[in-house]
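Following are the structures in question.
Presented sequentially are two complexes of subunit A, the first with subunit B as partner and the second with subunit C.
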Partner chain A sequence: MASLHGQRVVRQEDRALLTRGGTYVADVADPLLDGAAHVTFVRSTMAHARITGIDVEGVRTAPGVVGVFTAADLGLGFAPMAVPVLPPAMARPWLAGEVVRFVGEPIVVILTERRDQGEDAAEQAIIDYEPLPVVAHPEDARNDEVLLFPDHGSNTAAVFGDEGDASEFADCEVVVRERLVNQRVAVAPLEVRSTAAAVGADGRLNVWMSTQAPQSARHAITRAFGWELDSVRLIAPDVGGGFGAKIGPYPEEMLVAWLVRHLGRPLRWLETRSENMVAMGHGRGQIQHITIGGGRDGVVLAYRLDILQDSGAYPSMGAFLPYMTRVMAAGVYAIPNVACHATSVVTNTMTTVAYRGAGRPEATAAIERAMDLFAAEIGMSPAEVRRRNLIDVASFPHTTPTGAVYDIGDYRRALDLVLDAAGYDELLAEQASRRASGAVRQIGIGLALYVEITAGPTAGKESARVEIRPDGRAMVFTGTSPHGQGHETSWAMIASDVLGIGLDDIEVIHGDTDLVPRGMGTMGSRSLQLGGSAVLEASEQVLDLARRVAAELLGVGVDDVVLDHDAGVFRQAHDAVGGASVSWQQVAVAAAGEGGSLAAGADFQASTPTYPFGAHVAVVELDSETGLVTLDRFIAVDDAGRVLNPLIAEGQRHGGIAQGAAQALCEEMVYDDDANPLTTTFADYTFISACELPSFELVAMETPTPVNPLGAKGVGESGTIGSTPAVQNAVVDALSPWGVRHLDMPATPQRVWRAIAAGHDLSSRQGT
Partner chain B sequence: MIPASFEYERPGSLDEALGLLAEHGDEAKVLAGGHSLLPLMKLRFATPAVVIDIGRLDSLSYVRDEGDHVAVGALTSHRDVARAELLRRHVPLLAHAAGQVGDPQVRQRGTLGGSLAHGDPASDLPAVALALGATFVADGPQGRRELAGDTFFEGFLETALTPEELLVEVRVPKVDGVGWSFQKLTKRAQDWAIVGAAVLHGNGRTGVGLINMGPTPLRALDVESALRAGASASDAAALADVGTEPTADLNADEAFRRHLVRVLVRRGIEEAAAGTSG
Partner chain C sequence: MDLSLSVNGESQTHDIEPRTLLVHYLREQCGLTGTNVGCDTSSCGACTVHLDGRAVKSCTMLALQAEGCEVTTIEGLAAPNGTLHPMQEAFRAHHGLQCGFCTPGMVMAAVSLLDESPNPTETDVRHGLEGNLCRCTGYHNIIQAVLAVSRESS
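So, the complex of A and B:
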């Protein structure tokens, strides 16, 4: 059997997903859930207010209602902080009882016999509010005039980095400054949040949750309520997307577990799309001030990034993201002087959390905009300025001024490859001719290079267990928790390569803490490099055990036994095909007969994170009369080390590029000045669709990393990280004839048209 | 996201439907394709006590040649309008625009009558009907009556139909050989227009309908008269926002809408003159 490594193996999980549909939490038909009541939350309609009264009498008598709980009824206090270093005074109550701090914050829990009855009953709840002044924008939060948590004394949740040295830019001929907004986006997974729970016959609590990290969710729930870890079994069935926002359990989800424990009745919660838009964590949300300085020869000498992170009302992962932004601040450049300082503040909006890239896209967006601004200022091509500042291929591992140690890369080659594939010179010629003719439809060419960090500082280790069943089939247990990433296929490929067992005879098990008690789940592009490496090591250990058993069966020494990968049988070394052999089945049966089992577990932890990198070119067409920007071409070089399954890696790149382009062109979670959310349906929140995207032109590049046996880096987020600034830079480039040097995302027709109109004003003023 | 509870009626004939409407009046809402009504009900912006589902009244789904005009049954889906050979030949503007509504699911369910009766200024087909000079046929307790397009749209989501009336047919004049254009600016393919324009011009006929330029679907009367008087495309289009009252939303403020409508109407006139479609 030829090695599967590098083969375009079709995803094994898709047949089921595409034909009979997945089994998501709402589909789980376990008998334990028979007769489950449905959970509905009454949510705040005010962004910041004191609660002066909660009248639920009308709710109690509404049809189908079997339970109503307010904060006072629960008597539970506060949910634990998702990130322990954040100020305890900013903890989120399980239900708001005294003050609400964002529109969508849960105040009352209603249990009903049928799900639809919950929404009717919720309308009967009367909440009296006394409005408090609202902090809608992080820049307002910063001045601490209105405090969300007076006990804390300020709106600052976290501070990172160094203030830097004012003389950093003293030696620079040219210094450019800009304020950039990396806008808040909704995560909008196709499957909204959902949890179901029931007490089993053994008295343990079974919890089904749409999560990226079932083992951590079990820890979080048991720790929050002081329960024994073993008293909860957590199951993540098929999960319809998470993108980072389903890493940690939310208070709503944990409360469902608590209520079942206390009432003994099974419960189901499935939020609505409108709830999801306002009450699932949002992504991004940084205001960045960049300063970049250097010489007219194009060499950048100093770069400074000041970040104001919007943490939302109750700080969580979002408050922590600038830490990652800071680590990656320098990008692919050998800039001698780099400083980054960040402040995370709370506002009366939904909490921000990790979202595809989680802090790294923000770093890349800042430095790649800065490079373009610098290039424009000195009148040099963006490609040339970048080329002059790249980290040299000979200098890896490379330590950056903000402390990242890049493992390996060849950024110049990525740049050359992408420019070549794009036909950069022809694009420039086409652009020049359109500009010369004053065409209504102009083109913009955007370039972005990126390096990012995967399996980062908190990635920990990942577990795997491989077991051969008496029928000769292999079971692979993994602590990763796929929700679209194709682990069932990829892990089977790895095991198959080691064991010589066909993909059809390998089953990958994940997402059930009874079957896989230890694991960290899937986030931060960690799964293949850690979880996959663990599968590799566990498979190798099982092979060792099997060779020992086979040696006994064949009556030869262990060193004389080889696995014939093609036939999937063990033979004596150098023995001709057709000679004595034993199958996996025989070996497994023999092992079981001796009271043993053919199984091995491994935990894999890498010595350092890995740093995927790449170069992206976006070509946009600008309709200068309407402001409409269309993405015409997208060319991407993404180097994620050695690629296990190109089909899956390309799928990750496709999705990532689309999501990044969406942030650059269309998406924004908008709150008005009173912190009312305005984009709460899919009619208003305009995420991108296939119609708005070209076929991506993907260029392969593989620089294996030395830090794991697969040579793999993460690829789940890199598309987003590179494409966002590539598309944004293309938009700004298209607008440059109107004197535009920067335009914040998203490049909506109105925003683009205003920039053009302001540019016209500029030229007419200059003309007079 | 779950509608408030309601009574559900599914009449088997037009008479039965009209009887139910007469009985329930403004307590009731007619359900055709449901693609405007159901979202409103799910968000609980609409809470009708009775929903009268006319979706099975097949007799209201047709496209017929009536000599100087084409008669389209109110229940004809956007998809069927887009594909109807009669319309593609004699009223290509309508067929084309119907093919631009929303996405394939929306076109499969949404109906021409629902689109017009809903009276949403952001919808495509009301503006097209105005540009074409279509006539609407209503049926109700007082029997059938014909309504001119120009007086049909009375206010935001308000039409000249009484609560007891059904829109049963739309009569569209044949405009063979007349230049036309449909201009719709959207951020994404499936979106409603930020602004749009339906233009019919040539062979002695002129009609310009505007999308999302005020509380109701509108005709650009000043543009039409300028064109009749022989104005150039850009001179005529410069008048496109005259008399409009565009609202501001997340996509566009008033100034941008006024700008856009002038651009789109100019492009529409130019395209109609060039005789090309789409």
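So, the complex of A and C:
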């Protein structure tokens, strides 16, 4: 059997998804859930207010209502902090009882026989509010005039890096400064949040949750309520996308588990999209001040990034993400002096969390915008300025001024490949001719290089267990928790290559803590390099065990036994095909007969994170009369080390590129000045669709990492990290004839048109 | 109220709440959970099914409006012997799905698109699927899958 590594193997999981659809939490038909009541939350309509009254009498008597709970009824206090270092005074109550701090914060839980009855009953809840002054913007939060948590004494949730001073720019011929807004976006997985729970015959609580990390969710729930770990079984069935926002369990989800434990009745919770838009964590949300300085020869000497992170009302993962931004602040450049300081503040908006890239896209967006600003200032091409500052291929591992240790890379090659594939010179010529002719439709060319950190921020670990059943089939148990990434196929490929067992005879098990008690889940582009490596090691150990059993069966020494991968049988070394052999089935049966089992577990512990890199070019067309920007072409070089399954890796790149382009072009989660959310449905939120995107031109590049036996780095987030600044730089480039040096995202027609209009003003003023 | 219709070739009669949406009827009364709900504003297309052969968003109509109609869901698309519809086959071959949540609706919309316009350009396909959102794939492989089916059948 030829090695499957590097083959475009179509996914094992697709048949079910294509014929009967996935089994998401809302589809779970476990008998334990028969007769489940439905959970509905009454949510705050105010961004910041004192609750002066909660009247639920009308709710209690509404049709189908079987339970109503307020904070006072629960008597539970506060949900645990997702990130332990954050101030405990900023903890979120399970339900708001005294103060609400964002629109969408849950105040009352209603249980009804049917789901529609919950929606009706919620209308009967009367909440009296006394409005408090609102902090809608992080820049307002920073001055601490209005405090969200007076007990904490400030709105600052976390601080990273040191303030530094301006002396690093003293020797620079040219210094450029800009304020950049990396806007808040909705994560918007197609499946919203959903949880169901029921007590099983053994008295344990069974929880089905749409999550990226079932084992961690089980820990979080049992720890929050002081339960034994074993008292909960957590199951992540098919999950309809996560993108970072389904890493940690939310108070709503944990509360469902608590209510079932206390009432003994099974419950189902399925939020609506409108709820999801305001009450599932949002992504990004940084205001950045960049300072970049260097010489007119294009060499950058110093770079400084100051970050103000919007943590939302109750700080969680989002408050921590500037840490990741800081680690990756230097990008692909050998800048001698790099400083980054970040402050995370709370505002009266939904909490920010991880979103595809989680802190690293913000770093890349800042440095890649800074490079273009610097290039524009000294009048050099963006490609040339970048080339003059790249980290040299010979200098890996490379330690950056902010402490990252890049494992391996060849950034110059990535740049050359992408410019070549894009036809950069032809594009520049086309642009020049359109500019010369004053065409209404102008083109913009955007370039971005990136390096990011995967399976970080510290050295990661994941476990796997491989077991051969008496019928000769292999079971692979993994602590990763795929929700679209194709682990069932990829892990089977890895096991198959080691064991010589066909893909159809390998089953990959994940997402059920009874079957896989240990695991970290899927996030941070960690799964293949850690989880896949663990599968590889466990498979190799099982093969060792099997060779020992086969040696006995064949009556030869262990060292004389080889696995014939093609036939999937063990033979004596150098024996001709057709000689004595034993099958996996025989070996497994023999092992079982000896009271043993043919199984091995492995914990793969990486020595460091890995640092994928790449180069992206975006070509946009600008209609200068309407401000409409169209993404015409997108060319991407993404080097994520050795590729296991190009079909799946390319799919990850496509999805990432689209999400990054979406942030650059059209998506923004908008709150008004009173912190009322304005983009609360898919009718208001401009979720990117097929007609706003081109087909993507992908260029292959593979530089294996020495960090793991697969040579793999993460690929799930790279697309997003490179594409956001590539597209944004293209938009600014298209606008440069109007004197535009920077335009914040998203490049909506209105914003672009205004920039053009302002440019016209500028030129007419200059003309007079 | 009584509702009679055909779902995936089988006639069904149910007593339903008049305000039941078609998608909820399919999922809850018929037990066909392949059709998903992704939004509450008729924006995402996850709920797309065929009504008398044409794609509709089943969250956008009452079940009662389907009285006497033929509804086909993702569960009814493959041949009874399990042979995949060419669109299902192409989605698989081209990796046109990741988490799978948008997939049933996307496939049903794509089949209907080619029924109406058998030889679309890439731009036609992109515009034809504008009402079906996918967060995972960036649409690239979905478009490839649809174009491949169109090529093979022409």
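Everything below uses one rule, namely that the second predicted complex is superposed on the first by the 765 of 768 C-alpha atoms of A that agree within 3 Å, B and C clash if a C-alpha of one lies under 4 Å from a C-alpha of the other, contacts with A are read in each partner's own complex, and residues count from 1 in each chain.
As a working rule, a residue touches a chain if its C-beta (ideal position, glycine included) is under 8 Å from a C-beta of that chain, and two chains touch if they have at least 3 such contacts.
Since we're looking at a predicted model, the values are computed, not measured.
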Subunit B versus subunit C as contact partner of A:T61, first or second or both or neither: neither
Partner contacting more residues of subunit A (subunit B vs subunit C): C
Partner chain in contact with A:F696 - subunit B first, subunit C second, else both or neither: second
Touching partner for A:S381 - first (subunit B), second (subunit C), both, neither: neither
Touching partner for A:S395 - first (subunit B), second (subunit C), both, neither: neither
Partner chain(s) touched by A:V670 [first = subunit B, second = subunit C, both, neither]: first
Which superposed partner A:T679 touches (first subunit B, second subunit C, both, neither): first
Partner chain in contact with A:R273 - subunit B first, subunit C second, else both or neither: both
Partner chain in contact with A:P749 - subunit B first, subunit C second, else both or neither: first
Subunit B versus subunit C as contact partner of A:N143, first or second or both or neither: neither
Shared subunit A contacts, counted only where both subunit B and subunit C touch the same residue: 116, 272-274, 681, 683, 689, 691
Residue ranges of subunit A touching subunit C (in the complex, touch as defined): 10-11, 13-15, 17-24, 26-27, 29, 116, 188-192, 238-241, 243, 272-274, 483-486, 647-648, 650-651, 654-659, 681-683, 687, 689-691, 693, 695-696, 719
Partner subunit B, residues of subunit A touching it in the complex: 115-116, 119-120, 123, 272-275, 625-628, 666, 670, 678-679, 681, 683-684, 686, 688-689, 691-692, 748-750, 753-754
Subunit B - residues contacting subunit A, complex: 1-2, 4-5, 39, 43-44, 185, 187-192, 194, 250-253, 256, 259-260, 263-264
Contact footprint of subunit A on subunit C as seen in their complex: 17, 19, 27, 31, 33-44, 46, 74-75, 77-78, 82, 84, 88, 91-93, 95, 97-104, 107, 122-123, 125-127, 129-144
